[in-house]
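The structure's right below; bear with me while I get my questions together.
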Amino acid sequence: ATADAAPSTEKAPSTADVDATAAAALPAKYKDAGIIKVASDIPFPPMEMFDENQKLTGFDYDLAQAIGAKLGVTMELQTQAFDSIIPSLQSGKHDVIMSGMNDTPERQVTVDFVDYLHAGFSILVPAGNPNKIATVLDLCGQEVAVQKATVQAEILRGYDKQCTDAGPGPMKLSELPLETDVQTAVRAGKAVADVVDSAVASYAAQTAGDGKFFEVVRDPANPAGYDPVYTGIGVLKKDAALSKALMLALDSVIADGSYAKILGKYDMSDFAVDAAGINLGS
Amino acid sequence: MAHATLATPVGAGPATQIDPDDIVAVPLRHPWRWFLAVFLLIGFVSLGISLWQNENINHPTITEFIFNPRILSGVVLTVVLTVVAMLVSTVLGVLLAVMRLSNNPVMNTLAWLYVWAFRGTPLLIQIVFWGYLGLLYAQISVGIPFTDFTIFSMETNTLIPALTAGLLALTLNQAAYSAEIVRSGMLSVDEGQYEAAYSVGMSPVFTLFKVVLPQAMRVIIPPMGNETISMLKNTSLLSVIAVLELYTVATQISSQNLRQVELLLVVSCWYLFLTSVLSIPQYYLERYYGRGKARTLPPTPFQRVRALLGRRPITVRRTESQDAS
Amino acid sequence: MAHATLATPVGAGPATQIDPDDIVAVPLRHPWRWFLAVFLLIGFVSLGISLWQNENINHPTITEFIFNPRILSGVVLTVVLTVVAMLVSTVLGVLLAVMRLSNNPVMNTLAWLYVWAFRGTPLLIQIVFWGYLGLLYAQISVGIPFTDFTIFSMETNTLIPALTAGLLALTLNQAAYSAEIVRSGMLSVDEGQYEAAYSVGMSPVFTLFKVVLPQAMRVIIPPMGNETISMLKNTSLLSVIAVLELYTVATQISSQNLRQVELLLVVSCWYLFLTSVLSIPQYYLERYYGRGKARTLPPTPFQRVRALLGRRPITVRRTESQDAS
Amino acid sequence: MTIEAPASAPVEPLLSALKVRKSYGGVEVLKGISLAVNPGQVMCLLGPSGSGKSTFLRCINHLERIDGGRISVNGELVGYAQRRDRIFEMNPREVARQRRGIGMVFQRFNLFPHMTALENITAAPIGVRRINKQKARDRGLELLDRVGLANLAQSYPAQLSGGQQQRVAIARALAMDPKLLLFDEPTSALDPELVGDVLDVMRTLASDGMTMVVVTHEIGFARGAADVVVFMDGGVVVESGPPEVVLDNPQSARTKAFLDSVM
Amino acid sequence: MTIEAPASAPVEPLLSALKVRKSYGGVEVLKGISLAVNPGQVMCLLGPSGSGKSTFLRCINHLERIDGGRISVNGELVGYAQRRDRIFEMNPREVARQRRGIGMVFQRFNLFPHMTALENITAAPIGVRRINKQKARDRGLELLDRVGLANLAQSYPAQLSGGQQQRVAIARALAMDPKLLLFDEPTSALDPELVGDVLDVMRTLASDGMTMVVVTHEIGFARGAADVVVFMDGGVVVESGPPEVVLDNPQSARTKAFLDSVM
């Protein structure tokens, strides 16, 4: 029914890949349906995006296919705006969320996270770095823009005390609806920097304005970005059995090496988790 | 003609004497009215109960957030933005409407162009335009075009902070819509009114403000009420330039704690409350500007309740014109 | 009184003979009109040039995407949604307006409640409500309340797919706004019109459709034009339930290629185009329903251009009523 | 000629009003009007401004609901229907049907501004009585011709002078072939030249069996055309009778004073 | 008494019209009207419906722009101003100032429906002539009293009968103390009883030096009050002169026919 159902049929799960333990843990409901519907705020490059042929791709997509194969079902990514992503789960339109969603204790009240990434944030500045930002503390007292649905705003507020002690005072944060809004704000001079997941930052630096608009601040002390947080698959609390099955499947994906391959494909090897876990974020 | 006895008297005017020649008739019954009323009452009540008891809704979250200080400051900002934008845009709208109705070709074309451009592009894009004007023009200068002479020059982002940009966008956009409404109101005033006003030596401007607009108000107020209520909610588009009004605050909170349904309900409660508050002045403004139109003013809600209980139609004509539909 | 010679004749009506007793006067000059026109022309042209030459805008992207098939399918969906929602909601709106104006207390209260609830809550929340009705009710059943007897039962998400939910939300919401507009139009019709219609034996419904609404149209059309144009852009709110109309498609594209400004310009071009197309029927509808109101119809754009060139005011009263403001 | 309560009438009157009372917001405008008009009769209502003449006409047509007394037209109560031995209030549809038999011409024309003169006349016959369009048009043109406006059939009311508008309004009322015609100062906005023509039309109608109630200040017309003249003042009937009695030999001092001022 | 072109007038006429022409969309409604009214004179305009009487009045007030000829009031061209030796079109503000000296009473009242009777009268004196509010009110009440409506000062037009509305409209025109008063069938909607009163007011005004142009069908008034009677037909002046000549001894067959039908 959804207008934008991802064309995921071409990679039907082959029984050879199925992980028996994980598949056994999967509730019958999904097994019978043969499908797990994944809500995703497409596109959110490089996590989920389209290739030249308008085929769905991205880290979340590839990982979802691998996990689905382990479970013996199709994982189908469907477009879902972040602002109503929880209602879409509660109403049964979707079963899980894979949208590069950060795992925080606050969110754990509503959903369980099956964590699959551990990554920090990067600072994206206009090409040439006109404000000479070198570390996160250079942002103190300045206008900084972040995307609303991410966890960066909370993390940056954590620097308030350090910034106040240093003199310039806390950062002035603008939380904007979309990552593109954040980048536009930086280009318009409304903010000196865009603070965003490292993977998204390097994509933007490579893509925006054919790579001419932005650059990522390289802080040798934090090569994988600042303040790493977990990113996970969101599953409603009441579907604990599904979380368990997903965790088992993810472990199996990690174990057979395909996890590392997918990470490598998107240049994200720095952000790997050692093993799957539930609600690791703190 | 035999007199029926088993019924209420029709005559119930101030002359209380009941004459044997008065008609004593069975008043027109409306059984389906009551059926419908009861049916809908049951419907609403059971909808309310089922909504309230729904397990997907966490009531403590609602009560926690409804008077949350961030939400409250969002409410205040929403109200301020709405009021300021509506007032300024109405003034602009009247100006544009007058220009648009003029046969002065320059004024007319100008107003038409304005309405075309500002209604034609999405408000969101206008907000982005004003909010990120610095993207297009880093400096705003006032000077003589095509020369180097400048009177004044300033950083765009200093000149137009986000809130100003938001207000500017809402106001300029709304003015285009208001202009159309005011224009339609002015068209509803009889030409004889202009003639009478001119014949006693009123100037066109005086005529506009004392004769035409007061009569146009009757027609203008309901759609302007619409616009005000839309504006209340359009302020939420300012989230793209990080103006923290009610809706933006709520989605910020919900994007962190993922209590999206509960926060949408909080927002709905506030909007419903604000809409209700706004519809009180609208009601009385309508009554005020309706004076002199009908021979008798329409009943107030209080009078309606009395009429419902007393089952006495208020005027014959009105009752008929609507019973049938 | 000496005749002035150095001027154009005033009389230029169909009677072409010029009499020596005709006044030969200097027509009222409007120098500031021309000043303003030239000033604004320069302003617009230089704004256009500077926008076009702005280095922050990548023109090839615009030309690449303006006829992109995904954008085009978004345009089509936007138009379809707008047209269907406006048509259905107008019918509902008329019904609600008639109910609201009735003195029938049940109808009246009902219409009032409807308008209150649907105008009072943000459209976005209504869209989420209809889109995720499954959240509240997994099954929709038609049956006898408080018993187990059901006539019909179906999965909510099957019954109401996203597109239907979106249409439902837009239509029901718009009906509340349209009701207020139609009501104001009906209030603008003179009471004598009802009396005359009733006196020739017209029923209330016939009177409504043949006498009242056609006269109300004059007042209804401009704000309904507003609403249609708003609707065109409100369809973009359907992005929350993944209906891929124009705006949603454009943001999807831009969040991938990160060319937000260019895609907003593409969207603006399309909305401007659609708005312009919509204002043509509005213009002619206004003229059609304006017949019989003024003694002479207002000039068409073509006639205005002629007037501008020929410098001949079209009627004396009109010219005056607006020159002054 | 009977002008007493209907009970004593030798023929069944077409219009009979009995102790009709009507108040507006506490002020009683009609204080018990009783009168009767037999089929084919023309009744002229005279009286000073504010005496309630227009209000009474509106009550006959049920445009206003009376507060007391009763009005019947053609043997039917206006606004009420008798079924078995009980009287029921009529619903709007029945009222509309009843009004088709009663034409009315208003003091202020009330033409439909969005329709041409001809459309004004044919709207009700076509839409309400479902008469064939072409027939209705033909009849409309004939009526327009009768009031001297055949050449203005396609004009909108705003393009007509006051006199022309009132004549269209009369043609509109005639188009429904009513049993009873009510005129509220039909000639007050008419050109003197044309008053005679209109009165001729009205006389023709009367001789065809049309019953009419005419509020007018044209004493000449009342004397020549009326079967009954009623003088109203302050919401009561002061005097009524044949024109030669009421106009030339009034009993009441109030009538005398009014007639002196008018003639 | 002069009714020829103003050049031959012994006193400077207050109103003079010379070869006034006016067309509506190709149809010439006024085909060269020339007439003059001296200060203090009352001119009555008679003529069949559609002869252009109302249009001519509207031209005097510059509510319509004439297509040819010239109208001047009190020595000033209507709608045009002479500076040095050239004639300039007036701007709207100047036109408004000029109109203050010319009162007008319309065929269809045109009261401001959102103002009470008293506010209708005082709106222009207070807003345009900037007269003290209390004074304007007092004068307004006095004028209302003069037209017999002192007790209805607080009523809205919709609450008044036709007759009452027209009387308020007359009081409104008088409130600006105009030099010239134009009446477009002022008594056609008035109660016969009150016509006399209004005519008395008009006669008093005339003897106070008020100049009036009255379109009317009241031959009696024309005979008694007019200094000049003009008979118009088809957009031209057919005949004009003192009432005893035009009314009792008309030269033109057309006038004769019209008067026969009216009297």
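As written, the chain order gives the labels A, B, C, D and E, with residue 1 at the start of each chain.
Going forward, a contact is a pair of C-beta atoms (placed from the backbone, for glycine too) under 8 Å apart; a residue touches a chain by one contact, two chains touch by 3 or more.
Everything numeric here is computed off the predicted structure, so don't read it as measured data.
The chains that touch both chain A and chain E are B, C. Chain centres here are C-alpha means, and the one lying farthest from chain E is A. One simple way to say how far apart two chains are is to compare their mean CA positions; for chain A and chain D this gives 82 Å. Once the centre of each chain is set as its mean CA position, chain B and chain C turn out to be 16 Å apart. Computed centre separation for the pair chain C/chain D is 44 angstrom, with centres defined by C-alpha atoms.
Contact with two or more other chains is made by residues 56, 128, 135, 195, 198, 203-204, 261, 264, 293-295, 313, 315, 317, 319-321, 323-324 of chain B. Each of residues 63, 92-93, 95, 108 in chain D touches at least two other chains. Under the contact definition stated at the top, the residues of chain A that touch 2 or more other chains are 83-84, 87, 90, 178, 181, 184, 187. A complete list of chain pairs in contact reads A-B, A-C, B-C, B-D, B-E, C-D, C-E, D-E. Interface of chain B with chain C (complex): residues 30, 33-34, 36-37, 40, 42, 46, 50-51, 54, 56, 95, 98-99, 101-110, 116-117, 119-125, 128, 135-137, 145, 177, 180-181, 183-185, 187-188, 191, 194-195, 198, 203-205, 207-208, 218-223, 225-227, 229-230, 233, 236, 247, 261, 264, 267-268, 271-272, 275-276, 279, 290, 293-295, 299, 304-305, 307-308, 313-315, 317-325. Those residues of chain B whose C-beta lies close enough to touch chain E in the complex are 190, 192-193, 195-204, 206, 210-211, 214-215, 289, 291-295.
Touching chain E in their complex are the following residues of chain D: 48-50, 54, 107-108, 161-164, 185, 188-194, 196, 217, 219, 258, 261-262. Residues 18-19, 21-26, 28, 62-70, 72, 77, 80, 82, 85-93, 95 of chain E are the ones that touch chain C when the two sit in their complex. The touching residues of chain C, when paired with chain E in their complex, are 1-4, 6-7, 10-15, 18-19, 21-28, 295-296, 313, 315-317, 319-321, 323-324.
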